[in-house]
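Each of the next two complexes has chain A plus one other chain: chain B in the first, chain C in the second.
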Partner chain A sequence: MNDMGPVQTIGVPTPLVDGPEKVTGRAMFAADYCVADSLVGRILRSPVAHAKVKKVDVSKAREIPGVKAVLTGEDCNQTFGVLPIAQNEYPLAKYRVRYRGEPIAAVAAVDVATAQKALDAITFEYEELPAYFTAEEARAEDAIDLHEERPGNIERDVHYDLGDVEDGFAKADLVMEEEYQCAEIAQVQSEPHATYAEYDTQRDKLTVWPSTQVPFYVHLMLERTLEMEKSRIRVIKPQLGGGFGCRTETLNVELICAMLARAAGGRVGLVVSREETFITHRGRPETAVKMKIGMRADGKLLAAQSECVQRGGGYSGYGIVTILYAGSMLYGIYDIEAIKFDGYRVLTNMPPPGAMRGHGTVNMRFAFEDLMDRMATKLGLDPFAVRRANLLKAPTFTFNDLMVNSYGLDECLDWVEEASGWKDRKGKLPPGKGLGMACSHYVSGASKPKHWTGEPHATVNLKVDFDGSVTLLTGAAEIGQGSSTMATQCVAEVLGVDMGRVHTISSDSAITPKDNGSYSSRVTYMVGNAAVDAANNLKNVLTEAAARKLEVPPDQVECLGEVYRAGTQDEGLTFDEVVMEALRDTGTITVKGTFTTLPESQGGKKYRGAAIGGTMAFSYAAQVVEVTVDPDTAEISVDKVWVAHDCGKALNPLSVEGQVQGSVWMGMGQAMTEGTRYHDGLGITGNMLDYRVPTIVESPPIEVKIVEAEDPHGPFGAKEAGEGSLSGFLPALTAAVADAIGVRAADLPLTPDVLLKLMEDKARADKKAAAQDSAEVA
Partner chain B sequence: MEYLPNFKTHRPSTAAEAVKFFAESDEPRYLAGGTDLVVNVRRGIETPQTMIDLTGVEEMTGISDAGGGLRIGGATVLREIAESPIVRERYAAVAEAAGEVAGPTHRDYGTLGGNLFLDTRCLYYNQSEWWRASNDYCLKKAGEVCHVAPSGKRCFAAFSGDVAPALLVHEAEVELAGPGGTRRVPLQDIYRNDGLDHLATQPGELLVAVYLPASTAGIPSTYVKSRVRGSIDFPLAGVAVRLQRDGADVSDLVVALTAVNPYPHFVKGMDAHVGKPLDDEALDAIRDTVRTQAKPMQTTTVAPWYRRRVVGALARRLVSKLYEAQG
Partner chain C sequence: MSKSMLSLTVNGRTRDDVVPDNMLLVDYLREVVGATGTKVGCDGGECGACTVIVDGKARHACLTLAVSCNGKAVETVESLERNGRMSALQRAFNEKLGAQCGFCTPGMIMASEALLRHTPNPNDDDIRRELAANICRCTGYVKIIESVHAAVAETSAKEAAE
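Our next item is the complex of A and B:
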């Protein structure tokens, strides 16, 4: 018995618990629920960007045999939206359409051809209004307001001026300013949006399977828009083909599908196309950044001033939070006090952006790090030295009151510098090759949830019954990121049992406790902690039962996972025996665990909206990117990436490595090839040929180092792993290109045509300078 | 992806049978790999009522010797051509071009005939029915205006097949079967300079096979394309070059382009470089000639000026590479 001990699962590379279903194709995604006799939903979309809805005539569509429901804006009187203070979107346009492709009618029919025939029979009468496709047009003095309650088409302006910025610039040895432009990008998760809904006319009950990251929000929005008691609604999250923030907000597809099911009195599947998924949007907004930094000759940051303009869409969505993140997350990574920030989130006649991976921070971090690199060059400093001159010392609070209890950025820097051979290779590579580096960070969950109810941030239930299995019930939305595996590991680790004993059921409102959902990298930290709490509570129940049976006080019971014993000589009780004892008198055991953030982590009050950015812990990352630039075609090859990510204790190193590689890779897409384009508000890149997500061919080897600066409050010391490595790629790439060919890029994506233009401009400027030099010499 | 409308299918076993089905069917289209056509059907660009599936026509598949040249069946999949030792040995550019088409799964289905008969492409055309309707359609399909060049009355959609220029530099001929019988013509004769209607074949004509002549077998050749991504993408510009060197002199030089005009384009004026050594000045002249003859328009998200720049740079690079390799 002496070799027996608790089974260890934390820190062990662990394949995902739902992997076999996904690999073998048995996993059920929303579209897989559509059975032969379910109806097909289809959406009619606005051909115009901005118009008053005069009439949507569906009379002819209703007469077509096989058409079971036809809905328009008249069938829904309630708006929806992710932020309680900005709910201004109707599932189907009611009085106005505000972007091209906005849903104006929907049908459910016996098959797709009939559904299309019905859409073709609908006429849409409208009165066109002036449409604005850029932030500048929408902010113009004579522009009409998209929404009455948003004068000047400003969704939110954010201003703070902390510390003494002017004094910082005055004391700086170098002050530089640059303007950056980042294209709008989309997540392009592998699964287009899909929802399956079933309405039970006998019982007035609705069950919905939406492709969402936050089933709880969908539940609330169904209650609101369908004006239906929430107790009659059940939301079951199917397997998801990714999210990356696109599906954090409730989307019109989900609401329309449920509305159709109720109207048709049956089952409806609504699976939209890739183009419609692009139109539904909720990606990262087009962003213009003006960045000004003051630096001392030794690289110390003294002050920063920035302006950020985000081109929002026709509806608010996450806009307010995105612009707040853009400002607050200038802090939290370096030791800097004086920052002035002016942010503007603008409403335009475009599909609404949302909370894409690295929410709000990415384009700002790009600008900040890129400018740091330019300044390092100007001051003759190594970019690593500049970062090291500005490191934070945990525990601390940043100047805007963000709590930092763990900080592994120094270790991240050391590793990428060493692994990439930076000291020996930087500046010594052959022509056309270059190295660049940058840092980044991200929150481990927003400490203040958007729907503040006073509840704990996360709740996990455990059930144990006669069979000795532990059923883990969590509302955490498994979207492919591994949350179910993480929760399973946490419970197995605390109990010391094999993971096979734990069955995890996630995201069914009738079964699992409510969860705030998968966004802001909150799940590992919050749900992980709740799972640990629940497992500890269960362990107490089991220990007390074992103590009763062994006739010793509970504190003398030793838990070895599969065996509970009183002293090393004791043969002990098996897990099953302990469970049977625990069930005596009480029957099935159910315990609960919760997690609530600390008040001091919930951000500051120094300016309006300062709570955004508040988190229990930050992850940190540093990366080095190596590139080769083709002198004739300006094609950039990324040869290699070294990335170190401080995620605190890595609960599942296998999963962490995948998340970090995925983040870097997504950053690469934004930096190099991705960007939406529109023709008068009509998306011309709404497909996977013209919207260029990188393929495996140009994907570099990404070497990952996990740095574990354990957080005092994280589950086993863990922090977030899924977002923090993304934004660093962008500035590391532009720095590497500058190192390779001496050209500095400020606009992304850096496609070959954009880069060739910069190269030719530089060649011309060099030639002119050389001519002037020789003229002067002469 | 949009849904696939219903249509009838026939699966003939001979080319003659295929032609007959075509003549007798309601709004027919020939279908081979479907990697281009099915996408266009889903988008409502094509609305065939009948599809004539060519994958069962034995005489249209496979690669065989033809008197020192090669016969390649029109329904041969691109992967087979890319991997064929005999194609690689005799007509390197053809194998390379076939291997550069789209991605691996496309090449498993996509055929030679499909790549040669590829519809021209444009940002304003390769869109869904809803999209095109919202944009008042375009000159190429159902509309009055070309959104690329609104003042003109021409369609500038770009021919974007990779294999055609490689076959052109090797002087390929095609065997066509149609209602009027079978004919064999030089490959370039099936194209014309009109993005709206770039194929000069007769209605119902079918590409049975491609013939590559013995006269160009073994002459060094190569193909390269510019694209943003290393896979999937259609060419932004593509260049095929055939070059024979005799001592210091160039004894044979042929250059053809794709994706920068509505048809695969033979570059004129290359004879001027034959019978002379190739120096930097000549290479620059070749680059500039290519740039002059390429006429890319804003049919992709990448700027036309870039495609023109790069097509010249790539031509220069390939010519130089083939010349140096034989030194």
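Our next item is the complex of A and C:
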């Protein structure tokens, strides 16, 4: 018995606790709840991008046998929106439609054919308004306002000017400026949006199974738009087929489905198509960035100035936060004081973008790192040396008051430099081959939540009963990222028991404690900490019970996980015996753990919106990308990626690797092939063939190094792992292409036709220069 | 819509159903058979989430009419467990994290299953070729390739031991 000890789970590569369901087909996604006798929901969408709604005539549709409910904008008087300061969207357009494909009516019918017939029978009368499909058109002087409360169609402008930027540029040995253009990106999570809803007319209760990352926000918006008491609503998050941010706010699909279920007095499944999923959007906005950097001859950054224009859509969504992140996250990675930022989020008649993975930071990081690389070339410096000249020293606060307590970027740089053979291979590869590198970072959750209620940022409940099992109740939305596994590991580790003792139940509003949801990489840090706190509280209860039974003071009880004993000679009590003793006085044990961010982590006050970016910890990443460019077709193949990611203590190294690979690869899609396209506001890439997500054929090996700069406040020292390495791929790719063929791209995606044009331009310029040279010689 | 008699085996069980002639195999499996393991991820032929095996070959169930499977053997992800034990591929996808969100997984596993039946020892290129029509948005495919290799390794280790 002496060699027995607590079971260790933290730091051990651990398959997902819900993995078996996923590989056997038993996992229940929202569409899988739509049993044969539930009604079929369908949405009628606007054929125009901007119009006044005059009449939506549903009288004929209502008469069709088998049609159980027909709804229009008249059936809902409340707006919704994720930001309390920007709730300007109706589930079904009411007075105006503001983008093509916006829902204007919805039906529930006995089957698909009947639902379709009902949609066909609805007529829509409207008065068309001028529509704006680019940020420029929407900002033009004579443009009409999409929303009265947003004059000039500026959703939000952000300005700060910190430190002495002009002085920095004056002192710099090199100042360079460049303009970048990044296409709009869609998440294309593998599961199209789906919701299943059941309205119980006997009890006036509503249960909803939405495909969401934020069941709590959906709950709030159901309360608001259905004007129902929130206590009569239950939200159960089913298994989720990814999200990557498009489901971090309530979507109209969820609200419409619930409205239909109530109107029909029954069960409705609303499973939208892939095209409708594209239209629902909430991806990364099309972004124009002007970036100017001043650098000393040794690579030290002295000042930066940047303008960012994001093309928003017809409604706010997360827009305000996106443009704030774009500015604030220029800080947090390098040691730089002087930065000036001007950001504009513009409303246009396009589907609304949202909070995609790497929210707000990706296109800015691309521009910043790409320009750094150009400047390194110009100064004859190694890009690694330039990064090393600008490292932060933790603990510190950045010049815009972001708290940095742990920082592993130096170690990340060392590893990717070594693993990629950078020193020996850079500049020595055969023609057409190149290496590029870049760095990136991301927050571990926003320290100031957008719904500021004064509650802790996370709460976890544990229940222990006669069977000796520990039930872990968490609102954390498992979306495939492994949050349930992470929470289970935290509890098992603290108690020292096998994970099999722990049953984890997540995201059912009737059972689990509230959680804000899975976004901004908050879950591991916040819910992990709450889980640790809960497990410590439970351990105290058990230790006290063991002490009573063993008749020793609690501080003499040694917890070995499955055994609690008083000294090494003591045979001790089994976990079950301790639990039975603990239950004796109180019955079923329930304990709680919470987590609240430190006030000093909640960002600064130097400019309006400066709290955005404030976080308990940043993750850091560096990567090297190796490419081959075909000189004739300009096709780029990515041969290999080496990426090092500092996630603090890796709670589950298997998951961390998977997250980092997925992030890098998603960055690759954005850099090389992805981008939505529209014709007069009509999406023409609303499928997975025209919107090119990389297939397995063109996806490279991605070697991951986990760097563990442990954070003093993270659970076991952990930080985020699921977003921080995405943005680095973009500039590493443009740098690698430049290394391979001497051509610099500033616009993404860098498709073969774009690159071919750049190559031809360069060839022409080279020829001209050569001709001039020989003319001069002659 | 006219209807036809459909006689086939689904996961080894003989069935006779009357189905509309325009019913897709994926809808038949999900709605008539009740086997919801097979997923629908797109509007037709874009993603591979619906991949099943028909007479030994991987097929998109969303591009296949149910009635065209008359007299054939259809296999879905639900068929792979034997006596309550997951198949080598399922275990590998679970243990190597070949499945994150799990939505592409049934299709990915069935496409891999079809591959291993005709190429029991695939290299990376074989895997890439056979899974080219299956989109995964979570993994970057790295651990999917590892999972297929791990399944092969486990199977051959077991065969060597026998």
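Keep this in mind: the second predicted complex is superposed on the first by the 778 of 778 C-alpha atoms of A that agree within 3 Å, B and C clash if a C-alpha of one lies under 4 Å from a C-alpha of the other, contacts with A are read in each partner's own complex, and residues count from 1 in each chain.
In this section, a contact is a pair of C-beta atoms (placed from the backbone, for glycine too) under 8 Å apart; a residue touches a chain by one contact, two chains touch by 3 or more.
None of these values were measured; they are calculated from a predicted model.
Chemist: One more residue to check, A:E275. First (chain B), second (chain C), both or neither?
Modeler: both
Chemist: Using the touch definition from the top, say if A:E551 reaches chain B (first), chain C (second), both or neither.
Modeler: In the superposition, A:E551 touches no partner, neither chain B nor chain C.
Chemist: Kindly classify A:E776 by the partners it touches after superposition: chain B alone (first), chain C alone (second), both, or neither?
Modeler: neither
Chemist: On the superposed three-chain arrangement, identify whether chain B or chain C touches more chain A residues.
Modeler: Greater contact footprint in residues on chain A: C.
Chemist: After the superposition on A, what does A:E149 contact: first (chain B), second (chain C), both or neither?
Modeler: Touch status of A:E149: no partner.
Chemist: Have a look at where A:E141 lands relative to chain B and chain C in the superposition and call it first, second, both or neither.
Modeler: Neither partner.
Chemist: For A:L654, select first, second, both or neither according to whether it touches chain B, chain C, the two together, or no partner.
Modeler: The second partner, chain C, only.
Chemist: Kindly classify A:D37 by the partners it touches after superposition: chain B alone (first), chain C alone (second), both, or neither?
Modeler: neither
Chemist: Kindly classify A:D585 by the partners it touches after superposition: chain B alone (first), chain C alone (second), both, or neither?
Modeler: neither
Chemist: After superposition on the shared chain, which partner residues are touched by A:T685: those of chain B (first), chain C (second), both, or neither?
Modeler: A:T685: touches chain B, not chain C.
Chemist: I'd like to check the shared interface: which positions of chain A are touched by both chain B and chain C across the two complexes?
Modeler: In chain A, residues 192, 273-275, 687-689, 695-697 are touched by chain B and also by chain C.
Chemist: For chain C, which residues are in contact with chain A within the complex?
Modeler: For chain C paired with chain A, touching residues are 30-31, 35-43, 46-47, 49, 76-78, 80-81, 86, 90-91, 93-106, 109, 127-129, 131-145.
Chemist: Okay, in this complex, where on chain B does chain A touch?
Modeler: Within the complex, chain B touches chain A at residues 1-3, 5-6, 103, 123-124, 126-128, 130-131, 133-135, 147, 226, 228-234, 300-303, 305-306, 309-310, 313-314, 316-317.
Chemist: Which bits of chain A are touching chain B when the two form their complex?
Modeler: Answer in residue numbers: 45, 47-48, 100, 112-113, 116, 192, 273-275, 632-633, 635, 673, 677, 679, 682, 684-690, 692, 694-698, 751-753, 756-757.
Chemist: Give every residue of chain A touching chain C within the complex, in rising order.
Modeler: By the definition above, chain A touches chain C via 15-16, 18-29, 31-32, 36, 187-192, 239-242, 244, 271, 273-275, 479-482, 654-655, 657-658, 661-662, 664-666, 668, 687-689, 693, 695-697, 699, 701-702.
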